[in-house]
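Shared chain: chain A. Partners: chain B in the first complex, chain C in the second.
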Partner chain A sequence: MKKTMIDYLLMAWFWSSGLLILVILLAIIVYLIWRGGAFVNLEFILESPSGFPLGTEGGIFPAIKGTLWLILLALVLSIVPGLMTAIYLSEYGRSGRLAAFISLLVQSMAGVPSIITGLFVYALGVVTLGWGISLLAGGLALAIMVFPVIVVSSRNALLAIDENYRLVASSLGVSKSYTLYRIILPRAIPGILAGILLALGYAAGATAPIMVTAAAIIASSSGALLEPVMALPYHLYILFTEHSSIHHAYATALVLVCLVLFLNILALSLSSLQERINR
Partner chain B sequence: MNTVEFIDFSTFYGQKAVLRNINMKFTANSITAIIGPSGCGKTTLLRSINRTAELENGFNSRGDIRVLGQSINEYRNVSILRRRVGMVYQVPVALPLSIMENVLFGPKYYGVKNRSELEAITEKCLRRVALWDEVKDRLKRPASQLSGGQKQRLAIARALAVEPQLLLLDEPCSSLDPASTGMIEDLLTQLAEEITIIIVTHNLFQAKRISHETAFILEGRLIEKAPTNKLFESPEKPETQGFVSGLFG
Partner chain C sequence: MINLGAELKEKIISFIIIGAATVSSLLLLAMLIYILRESWPIWSQIGVSAFLTGSTWRPLNTPPEIGILSMIASTMWVAGGALLIAAPLGIGCAVFLAEFAPSSLAAVLRPVVNMLTGIPSVVYGFLGAAVLVKFFEVKFDLASGESLFAASLILAIMVIPFIIANSEAALRSVASEYRHAGIALGVSKPYLTMRVLVPLARKGMLGALVLAFGRAMGETMAVLMLAGNILRFPGSWFDKGEPLAALIALELGSSIPGSFHYQALFAAGLVLVVMVIAVNAVINLLLNRIQNEV
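So, the complex of A and B:
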């Protein structure tokens, strides 16, 4: 078939848009490597910050640990409600009114600015329930923030499974839960995991919700639920705003970007696995 | 002896009527073909019998269908009804499991655990659909590797594995080649000695070849139901005459 002029123009547009994004992304990474790469070494990864002002010497180990604790806790708190909501929307509620209402709620949640989520958890957890600035409060704030991401991506992964499987199973008189467990979930798991990893990457980089709930300038980040933690984005924010050490700020940014990139690449490879399964 | 009886049965999608006041009795242990132009309500009629039509949004019905003497709405648990009424769809569907697990999907759900019993069910059902010899060496392989015709016979085996007393087929051969179609037709003829079969088909030759009785549906109404030979050779209604001679296509 002969392509028309408009098709060529559109293709050129698609390619240049894609290249533009790629160039911006590469520019960020190359710039971070240029400015901070020399400072990222084993000591920087494995040591605690030191010097005066704090962070001018030493490393960022507690911040890496703190960020990992925060996203792990956010995952633990959001995965069950997120997955359950997604299963309800795709398998049980379908096009009913309750499902439509829940979808609307989830979409609204996705639109809440993350600083508002942070302040809400501050008021509820940190102050009212007396948790103080803590890992628990930060994990909860991040969990609320990523919940809609997990619901939407899991629901889409479930809905992408061939509708005929559900039809065949229901015409055998087989229950929805059995079909879900034998057929639907095993097929959808890579897609669901991909969505969860993307959500984790999103949580790892979020600063606003943890600023008021969990983050400290210096902490050991031992994993104790009711103690404050250090976190990569907050450490970066402090280093940058206090002008303590611009080199270490760039190095911290590089580590954070690499962590998020790693999570996203893992998510992408899982999604492509899911596409192969669906075919 | 009537296994399925429609009593003044009508269905609607929202406000739109699909089936209008159907009254009809199906004869046990025989094949009844349902014919009619596209969109006349054949599939809805079939799917009303095992209450899968109601899974569609906005579906509602009036009147009654009695399956094996019991009203479909009186079944306390719809899964009991659906277990008695097997269904095979237009598109051959292999569940994403092995060939054996496809056959055993229903039985395992209904609690059969004994290994030798499960193996016996697999062999019996695959033999009944003449698929055993083709797949007996690769029962553990994914069912997705089968051809379209094999998948459709597997779908019938899967439906038979829960021992239904009725088998509903919705244009089961429309995506198959003539050889596979022939195999399925032979198989249905044999199965009709034991169970009641209702088949929706757009292929008038197929209706003529395999069915004992034929029902002609037009715009949601039952126009005529008669022994197949009579319906094709000397229909009573002018609409039937028109359809079977190719006028409504």
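So, the complex of A and C:
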């Protein structure tokens, strides 16, 4: 095998783009720690923002609380429809025309920009139903946004379960719902949970949909459904665009990235657990 | 039938599941119809072509002037530019992962790609604005460093992981016989990859690029923080502009519900979502054709 000049150039392209990706992630994390790490302490996590302009002193506790409320509500609203749709696609309607149509809709929904989801919930919830800028509206917008994520990941987890379980159960005369509930679902739990965690991470970082439906510059984030909340990503946006405090912006970004990456890493380890179970 | 009750129960359960799946996925159509309804006065009073080709946006004037050509152009610049930067890197990295990376390095790189998708867009936007824009300002001595180019650069980093994941999957699905035959014939690995494997995987790779383009068009936060937000027709990649998503995010909260301004923002939203869906539909058609050729 004689290597030509072009071969070397191609190899250089492949290797450098691979390594560049690694460098980009490392650079982002190292830079955030370098600029924000010194400002993240217990006081920053547990206190409310204060000072003038707001956010120059104090911490981000209401923003953390608000983000947790938002993703919890998004999960509550999306999990049942999401799981039902996944179960339909994997167990009940594998080859039908309706299933193909529903699959297509879910896929297109995954492609809909999150600001459009925000726009829809703004018109429906905030204006027409009179909820105002509120936790409820933000939770709904995030729920619509993560619905396709939950459907696709749960469907894949269910489809990955060995087909023989279904065949044996039905040949023994076990009903479909019993098989699903006692045999298929329990085996797919790590995979489904991984999808849910991924969805939570996605919701925690989403800014555009909550910026028009739920977020306030300052709020107590008590968990009342019809009140605005603070949220980490929106707080970061405000701190930066209002030039309040660049240090606190870096620190907020660091906390947000840690939260999201924690959820992602948990999801990754659960899905590798699922792979081991399936094998 | 041995047990009619049990049979009925199965029927009911499957009915509930089918119903829930249908209703929740019809939500997409409901969203589109609702947005169309909210924006209807724009389409009927101003007209589709006037709205799409007008390039002044003064919704609060009397009479209001609303055209979104500048925003559409900004969206296309930003997304197209992001793809231009992301495609070579993403495909290079996908080939690297699928064919060349030592397995220990690949085991590190794959989770890294995954984590890059997890980083929220507002963080990318913030870093872009705080680091990249500052760098442009100092380096090129600009009063403000925001531009469509800066937005493209950050968007590229955001969409690269999607390109990598989907292109790698496409490359992996190429049957290994081709690789074996290539090795047996003494063809060099890079040549084999570029001349045999990549063309075989082109359907999936093209799909990955289009998916990335769609994502870039709809991305809001990074664009909002980097593109400069100036309502003018962008003459080049290095001008400032205000893409559709940024327009909606910035102005929705201050528009009075029911006003022309409010309806125009919904019309802009409809245009954006139709653009994203159309891109996906076009590529599906195109890919089917490629498949038929093979």
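The rule is simple: the second predicted complex is superposed on the first by the 259 of 279 C-alpha atoms of A that agree within 3 Å, B and C clash if a C-alpha of one lies under 4 Å from a C-alpha of the other, contacts with A are read in each partner's own complex, and residues count from 1 in each chain.
Here, a residue touches a chain if its C-beta (ideal position, glycine included) is under 8 Å from a C-beta of that chain, and two chains touch if they have at least 3 such contacts.
Only a predicted model underlies this, so the values are computations on that prediction, with no experimental measurement involved.
Student: Putting chain B and chain C on the same copy of chain A, do they fit or clash?
Tutor: fit
Student: Using the superposition on chain A described above, determine whether A:Y237 touches chain B (first), chain C (second), both, or neither.
Tutor: It touches chain C, and chain B stays clear.
Student: Touch check for A:L197: first (chain B), second (chain C), both, or neither?
Tutor: A:L197 contacts neither chain B nor chain C.
Student: In the overlay, work out which of chain B or chain C sits against more residues of chain A.
Tutor: Counting contacted residues of chain A, the larger count belongs to C.
Student: Mind working out whether A:A214 is in touch with chain B, chain C, both or neither, as first, second, both or neither?
Tutor: It touches nothing on chain B or chain C.
Student: For the overlaid structures, how many degrees, to the nearest 10, lie between chain B and chain C at the C-alpha centre of chain A?
Tutor: Approximately 100 degrees at the chain A centre.
Student: For A:S175 in the superposed arrangement: first (chain B), second (chain C), both or neither?
Tutor: In the superposition, A:S175 touches chain B and chain C alike.
Student: Going by the contact rule set out at the top, does A:I183 touch chain B (first), chain C (second), both, or neither?
Tutor: Touch partner of A:I183: chain B, not chain C.
Student: Is A:I87 in contact with chain B, with chain C, with both, or with neither (first, second, both, neither)?
Tutor: second
Student: Return first, second, both or neither, reflecting whether A:L119 touches chain B, chain C, both chains, or no partner chain.
Tutor: In the superposition, A:L119 touches chain C alone.
Student: Quick one: classify A:A143 as touching chain B (first), chain C (second), both or neither.
Tutor: Once the two structures are laid over each other on A, A:A143 reaches no partner at all.
Student: Please indicate which partner A:I64 is in contact with in the superposed arrangement: first for chain B, second for chain C, both, or neither.
Tutor: A:I64 contacts neither chain B nor chain C.
Student: Minimum C-alpha distance between chain B and chain C after superposition, to be given in whole Å.
Tutor: Once the two complexes are overlaid, chain B and chain C approach no closer than 5 Å between C-alpha atoms.
Student: Following superposition on chain A, which residues of chain A contact chain B and also contact chain C?
Tutor: On chain A, the residues that contact chain B in one structure and chain C in the other are 175.
Student: Once bound in the complex, which stretches of chain A touch chain C?
Tutor: Residues of chain A touching chain C: 1-4, 6-7, 10-11, 13-18, 20-22, 24-25, 28, 31-32, 80-82, 84-85, 87-89, 91-93, 98, 102, 105-106, 108-109, 111-120, 122-124, 127, 144, 147, 175-177, 201-202, 204-208, 211-212, 233-234, 236-237, 240-241, 246, 249-250, 253, 256-257, 260-261, 263-265, 268.
Student: Which residues, counting only chain A, touch chain B once they are in their complex?
Tutor: Residues 94-95, 162, 164-165, 167-175, 178, 182-183, 186-187 of chain A touch chain B in their complex.
Student: Which residues of chain C touch chain A in their complex?
Tutor: Per the stated touch rule, the residues are 6, 9-10, 13-14, 16-18, 20-29, 31, 34-35, 38, 88-93, 95-97, 99-101, 105, 108-109, 111-116, 118-123, 125-127, 129-131, 157, 160-161, 164, 186-191, 193-194, 211, 214-215, 217-221, 225, 245, 248-249, 252-253, 257, 265-266, 269, 272-273, 276-277, 280.
Student: Provide the residue numbers of chain B that touch chain A in the complex, in ascending order.
Tutor: For chain B paired with chain A, touching residues are 50, 52, 55, 57, 78-83, 86-87, 89, 91, 93, 95-97, 105-106, 109, 155, 158-159, 162.
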